[in-house]
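Please see the structure below; I have some questions.
Naming follows writing order (A, B, C, D, E and F), and every chain is counted from residue 1.
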Amino acid sequence: MLRFDPGEGRIRTARSFQVWEGGGEYNVVRGLRRCFGLRTAVVTALADNAVGRLVEDLILQGGVDTSLIRWVPDDGIGRTARNGLNFVERGYGIRGALGVSDRAHTAVSQLCKGDVDWDAVFSAGVRWFHTGGIFAGLSDTTADVADEAMAAARRHGVTVSYDPNYRPSLWAGRGGADRAREVDLRLARHADVVVGALGLAGTHPGQARIGAEEVTGALAEVAVLLPEAKVLATTLRDVPSAGVNDWSSAAWSLDTGFVPGPRMTGLYVLDRIGSGDAFAAGLIHGLLAGTGLERALAYGTAHGALTMTTPGDVSMASLAEVEALITGGSAHVRR
Amino acid sequence: MLRFDPGEGRIRTARSFQVWEGGGEYNVVRGLRRCFGLRTAVVTALADNAVGRLVEDLILQGGVDTSLIRWVPDDGIGRTARNGLNFVERGYGIRGALGVSDRAHTAVSQLCKGDVDWDAVFSAGVRWFHTGGIFAGLSDTTADVADEAMAAARRHGVTVSYDPNYRPSLWAGRGGADRAREVDLRLARHADVVVGALGLAGTHPGQARIGAEEVTGALAEVAVLLPEAKVLATTLRDVPSAGVNDWSSAAWSLDTGFVPGPRMTGLYVLDRIGSGDAFAAGLIHGLLAGTGLERALAYGTAHGALTMTTPGDVSMASLAEVEALITGGSAHVRR
Amino acid sequence: MLRFDPGEGRIRTARSFQVWEGGGEYNVVRGLRRCFGLRTAVVTALADNAVGRLVEDLILQGGVDTSLIRWVPDDGIGRTARNGLNFVERGYGIRGALGVSDRAHTAVSQLCKGDVDWDAVFSAGVRWFHTGGIFAGLSDTTADVADEAMAAARRHGVTVSYDPNYRPSLWAGRGGADRAREVDLRLARHADVVVGALGLAGTHPGQARIGAEEVTGALAEVAVLLPEAKVLATTLRDVPSAGVNDWSSAAWSLDTGFVPGPRMTGLYVLDRIGSGDAFAAGLIHGLLAGTGLERALAYGTAHGALTMTTPGDVSMASLAEVEALITGGSAHVRR
Amino acid sequence: MLRFDPGEGRIRTARSFQVWEGGGEYNVVRGLRRCFGLRTAVVTALADNAVGRLVEDLILQGGVDTSLIRWVPDDGIGRTARNGLNFVERGYGIRGALGVSDRAHTAVSQLCKGDVDWDAVFSAGVRWFHTGGIFAGLSDTTADVADEAMAAARRHGVTVSYDPNYRPSLWAGRGGADRAREVDLRLARHADVVVGALGLAGTHPGQARIGAEEVTGALAEVAVLLPEAKVLATTLRDVPSAGVNDWSSAAWSLDTGFVPGPRMTGLYVLDRIGSGDAFAAGLIHGLLAGTGLERALAYGTAHGALTMTTPGDVSMASLAEVEALITGGSAHVRR
Amino acid sequence: MLRFDPGEGRIRTARSFQVWEGGGEYNVVRGLRRCFGLRTAVVTALADNAVGRLVEDLILQGGVDTSLIRWVPDDGIGRTARNGLNFVERGYGIRGALGVSDRAHTAVSQLCKGDVDWDAVFSAGVRWFHTGGIFAGLSDTTADVADEAMAAARRHGVTVSYDPNYRPSLWAGRGGADRAREVDLRLARHADVVVGALGLAGTHPGQARIGAEEVTGALAEVAVLLPEAKVLATTLRDVPSAGVNDWSSAAWSLDTGFVPGPRMTGLYVLDRIGSGDAFAAGLIHGLLAGTGLERALAYGTAHGALTMTTPGDVSMASLAEVEALITGGSAHVRR
Amino acid sequence: MLRFDPGEGRIRTARSFQVWEGGGEYNVVRGLRRCFGLRTAVVTALADNAVGRLVEDLILQGGVDTSLIRWVPDDGIGRTARNGLNFVERGYGIRGALGVSDRAHTAVSQLCKGDVDWDAVFSAGVRWFHTGGIFAGLSDTTADVADEAMAAARRHGVTVSYDPNYRPSLWAGRGGADRAREVDLRLARHADVVVGALGLAGTHPGQARIGAEEVTGALAEVAVLLPEAKVLATTLRDVPSAGVNDWSSAAWSLDTGFVPGPRMTGLYVLDRIGSGDAFAAGLIHGLLAGTGLERALAYGTAHGALTMTTPGDVSMASLAEVEALITGGSAHVRR
């Protein structure tokens, strides 16, 4: 999606917007590419007009391979296929971040089973496939595409991760939280790694957060629901102010049981959008690199924390910075 | 619509956009209000989210009464009702202006007969009603709404104007230029004044322009098609470069027959979008003020010319400036 | 006034300014219109030049009716009548906000008794009239205009509110704080509601603030001075840093006696200018809506708090946001 | 003065302004310092607030000595002494540049005879003193100050130049063009060099320009009026469009008689404000350097032309660029 | 290089710069990738610091493969290896574009024979290799690297193109134009295609341009000097103003002899930097696609012309736009 | 140096930069001039191109005398002499400030003994000379120039101050911290006042900071090393977050022994670069004005604190603001 950012002002009175690219699943592969140095690609569809080409321009800047993007002909008005837009203001103090998602009728929401030759995609030495509940929630057909892709990935021995990332707006009028949870559970059962696993605990919690003390039990509960999952992970956040958050994480794996992530309290937050996705990227990097779950959690937590210090959805951090933060770097000047 | 303007750059590589409001019929009432000092209102529908509120903020700035806007509930994703967006870069020299219109599935395109109480609208001393082929072309229902509104206006003795303003993208997949012309002719027959009348001559000419010498004949041809029309008017433009245009106009009325407008050659153009609508505003001002058709053409032509000297769709000119230009004002400093 | 805002920099080294509109009494009606949805108008005078028209453009954007503005002819240099300008930098940490008010010789300061037909203004179903010590302090004649307007309002059964809003610069060389207090007391005696009532306690306190514990007594003291006042209200603020304030309010009414407002500590402040006016708007909304004084204080306090999270003098908050904050909304993302 | 520049937009709808410094006489010394490398100072008065300090910051950037500026105490509101402001939009094509001068009641307009110790100013090796009709027209006292300063300069053997630079707004209500001409003639009689000399020909021509063919006669006529003047010079401009001007100059001296300046037709103009002052700077440089009048005219004309290619009132050209233009430099890339 | 662009202002008084990437040879591969859709890579070296990473970010945005970039360790001060910077202002009217190239001591200038495994580079199905006199002129070692690369390319059957692109600053103190020509001739002899071939005619012409009528002879002369060259091409430009250029091209090949390119007179130019490189990209596209030399010239000329309508060094045009311009597209709005 | 500031973003993904001037020793004289009102000059060398002239433009804005700058001819590429550039992003929360210094091969680094006529410089009533370890560390010759200058200053009875200001990058490959300390000690022995004196305690501490409790001992240790120093001073900083610092200072003098500076905890920091230099400026002002060491420390600490509330390297504070902060001013609005 194209992110429209009014800076320190508000959408409703803006006279200019800065633009960034973003989108839950995309943010993960962007972070893996630019911060962690892995080669990644995005599978999506865009309407072929100047706005779609702007999204391509931003994805190229993100270093992500664009060759798997399906370009859908533009009808000149967006009736048959649009590009997703996302207006988000970042909030300040007691004023929370606020988003207007304008992404119905997009080219990607019309992706259907069979549109992508997943065997071709996964036969080229791919090691990891990540998808989640935002893509799966775009339409009834995208849930099927996610299913098809995850099955193909597993056929090719590709590790699969899934992030439910529940967005109420996607499910309004289509069965709501219950239907979302049903789809998420159906898909997460094919995943080796589930990020945002707390989203599947008990009744679908949506935006309500679980206290840190209850996390162990909640992850255990999810582990029962997803018997094939090898790693369950989640971020933990308290929001006393839009600009100052407490930030942590936790995970569970078959091998290690429950593992708490590093706690970062009183984090100054410039723009929190995308921090959960940055967490996923760090975690996946750790798991791919075989660092052990505790270190992987540290990568995810630190990467997510740094993402909150810059505008836009995506990380501008380097691997060296993530590692310095993990080992307790200060905020002194480097020069 | 919300107009996204990348300034001197291009949409496809922009990192920021200035925003303006715009829309064919709206631009006319905006110009009548801010340049010509008339009280005007817009009848439309917007999705009630921060983007819709930004459009409201811009319309308020335009001085146009917003109390007739229908606010459609936001579904959080734009599935049922969106707000129209319009990305336009202004062009430079040999590079023409380029627009990406993202206005399908908008709240206004779903307006239906019966949604607006036109009798209430027109019973409050309204003198003029303007609509056109962009609104009528948004959907099958909006053509009916235009019909209903024009009929109500005439019932209340309100003068009606119509501007075909053919946009191929609106009609693609819905019958194309032929169907557009059919709808335009059906509606224009109810109009007292038709702006952009050349759009109804012969086969629907779309973007192709008629040479100045053929205008007399073409207007006569349209007059036959629209026996009830009292005034037919059109702009005339040559585009040797995106930045330098030749600009003129012409009209026909029962009383006067053919009247040529002033010719302005070698006009320096900063942003031409909205100049046709500014022409309509000036013309309507003249007709409302009873200046005679020649003077009304001069108002329209001068107002359109000044609109091309500023960014955005809408005029930033004052009535005094329009009149100074008509009487041959120079471009000297005023201080 | 036109507010010039150098953003995160300082006036003294700025190379560009963002502009907003502002002015104590105007900010109140702007907030009532855009946040609380009431129809409001401003009675003022502007010099008729491009700067005055820019102020009009901003007031229109604010949704405030401009038809009562008196346009004074421009003399080309500002000798007889200018438009008020207000340069304000917002401060940061230990560096407080700093303003340069350039508003002598303005058109509005020359408004005289008899210039406005207040009976016409108030005969059209007006429910509330707000003015204050900034307008009254502009010149000797504006104090008389305020007096005349308040008397007319009361004649028409319109509720009257007054905010002393003492600005030392307005009174320098004209009798100072003593004279200001004399004028404020004379005018406040005609008001049903006095906002900023602490400004009238004891000797004129100017910028010095009264501790929260002394507020009860101070309001009681003011109540004695203003026997006809039905509601006295005040904001309470501590400023440990330009960017972090403690913010609360209090009120007194005949019916309820002393009522403390909600306490908001550690508020992150982007730009505090206009928060007192936003408080007044929320309070007036509550009183007009008959919510009771405690709820009215909550509207005022929350609206004032949100105004401090955005740049410019005026609120960008919605009623829904104010109400969510009153009922304890968090600063989580809404999307 | 502080120049507020809305860029490619208009004052009346601006939301931000770039600021520059400017002012007829100041622009001349700024150009002499930064383009021609001479040490210059400005004698003026500013109100001592953050706006005045911003003007100082800009003058320092201009390299002009600020030690002769009188700092008048700020009264917090601008009643007794303000700083001059100048809103100017640059125009585009048929839309001319437009200025709103807000400079009444300024500190400098209150400068009186005796305020400045001109003998001290001129005793330190000063070679040239330039003033003109803008300063002299600010108030009745500044005309006297100009007179006093010119007399002192001549006492010290300092060459004196004067530029009438008639601004109708300065004289409105104070005797108009007739009184302006009277003052200009009284002062110009003390000048060795008169720039903008055509302003003194016949009845005061104000904005109306004399055709090139009549220039010889007009200068001769002025020479009769100013028997002590050694050099009379003027710019010549045609304005077919705000963005394309024809530009030339002419001069007369006792030694040489009439000398035509170089003709530059079809000049592309970004912002013409200050080009006349830049002409004066180039001319004075040439005269000071003893280049002969023809070359001095070439310096002035080329410097003025380059000033029109950049935003703001003042020149950003270098001496090398001026000389390259005189000798026929092309607009090729230098790299 | 990192291009610093002060927009409509000048370097010497700028307070902000927009940044773009650029560099003669890079611009060609950027154009081939983003406009003509070919997969391209850049072989260069960058110092590994945040500035180098910014260049990488821009190259990624350009879609150019970055995997062949050599990352040289940063010494924290730029003593051993820097990244090239290029300050360029675009000029306006009579004021030509002006550049300050700060590119000595760069990482790329220290590239030596043997640093790059050219056999590996060219063994992967590469079809074309382009280099030129800017890279070769960076240092004595880069001339050798160019020689080595061209030889390797020919060994692998890769077509080689060369653009002398003489920059006096690169050769100052190192033998000047004579030495540059010697190096250019030595390298151009290995090229199949020479762009900017006029640079090798007669004595090294540097910035001085050859009239259109002499082009035939000059190309013939160069053909004699470069017996192995199959295609010689050149742009032709007249610069009456920085903002309006006449633009054309010409070529010679063994098969066709002299071929004139399309003539585009009175082109409005926003920023001419990079247009020669854009010409090379279009020409190479045509030759690779086998369109014939006349059509290849048309691609180059049109692509170069469109590049001059946008800021920055590199093209923002699409292939469709280039082809529309070739077939005579107007500058009308597309919407 | 020219400071490139990406605002709230990061260097590595910036598309525009704001520019400021800066440089350790320069920042001190800038602060003395603009905040403390002393006449100051800078002795340095710049390459004579548009970038150097931009630095001059910024220095002029800083009010610092530019007549002692040596202008070195530009070679068009920066091989022989460049201008120093400094890219610095300001950090946010856990993300520290980050700088890329591109200042090798600068004109100033090539300054040699004998290039400056120091006797001429110091014979004109100069009262103070400040230099330090950044200038001295630029090259082997600049250490000698510092030595030469300090000796000359002492010959003329000018007070000398020195700030080691250790930058690892300057010394990498040239002997590192040991060599830096050797040079610093050699030079500091000629200084009357040493700012940043802790940099000379024990082994060269570089970026590692000494706890407040150890400061007394460390200063005493340095006093032994520098028997001729009259005042040793240092800032003290804790950096819990890039945006919130604890800030204090300490000093030692022969007369007073150890003197602790005021403690400012929880300072909100917008941009910390240059705060140490601002401290030096305040300290020197106090010492020059004879305020006693405690008050001088207060000037330095307050000035440094205010410098951290504005972007850029240099102070935007006024003397009145510094003094208000010393006497306990709040962060309330002044208007």
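Note that in this section a residue touches a chain if its C-beta (ideal position, glycine included) is under 8 Å from a C-beta of that chain, and two chains touch if they have at least 3 such contacts.
By chain, with names taken from UniProt: A, B, C, D, E, F = 2-dehydro-3-deoxygluconokinase.
This is a predicted model, so every value here is computed, not measured.
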Please state, in steps, how far chain F lies from chain D along the shortest route of touching chains.
1
Looking at the contacts, which chains touch chain B and chain F alike?
A, C, D, E
Higher-contact pair (C-beta pairs counted), B-D versus B-C
B-D
Using C-alpha centres only, name the chain that sits farthest from chain B.
F
From the C-alpha centre of chain C to that of chain D, how far is it in Å?
43
Measuring centre to centre with CA averages, how many angstrom lie between chain A and chain D?
61
The positions of chain F in contact with two or more other chains are 10, 12-13, 15, 53, 57, 61, 98, 100-101, 169, 318
Pairs of chains that touch, anyone?
A-B, A-C, A-E, A-F, B-C, B-D, B-E, C-D, C-F, D-E, D-F, E-F
Quick check on the complex: what are the chain D residues that touch chain F?
53, 57-58, 60-63, 66, 318
Note: in the complex, chain B contacts chain D through residues 61, 264, 266-270, 305-306, 308-311, 316-318, 321, 325, 329-335
Using the touch definition from the top, list the residues of chain D that touch chain B in their complex.
8-10, 12-13, 88, 91-99, 101, 167, 169, 207, 239-244, 272-273
Complex contacts: residues of chain D adjacent to chain C:
4, 10-19, 49-51, 53-54, 57, 74-80, 82-83, 85, 87, 89, 98, 100-105, 168-170, 172-173
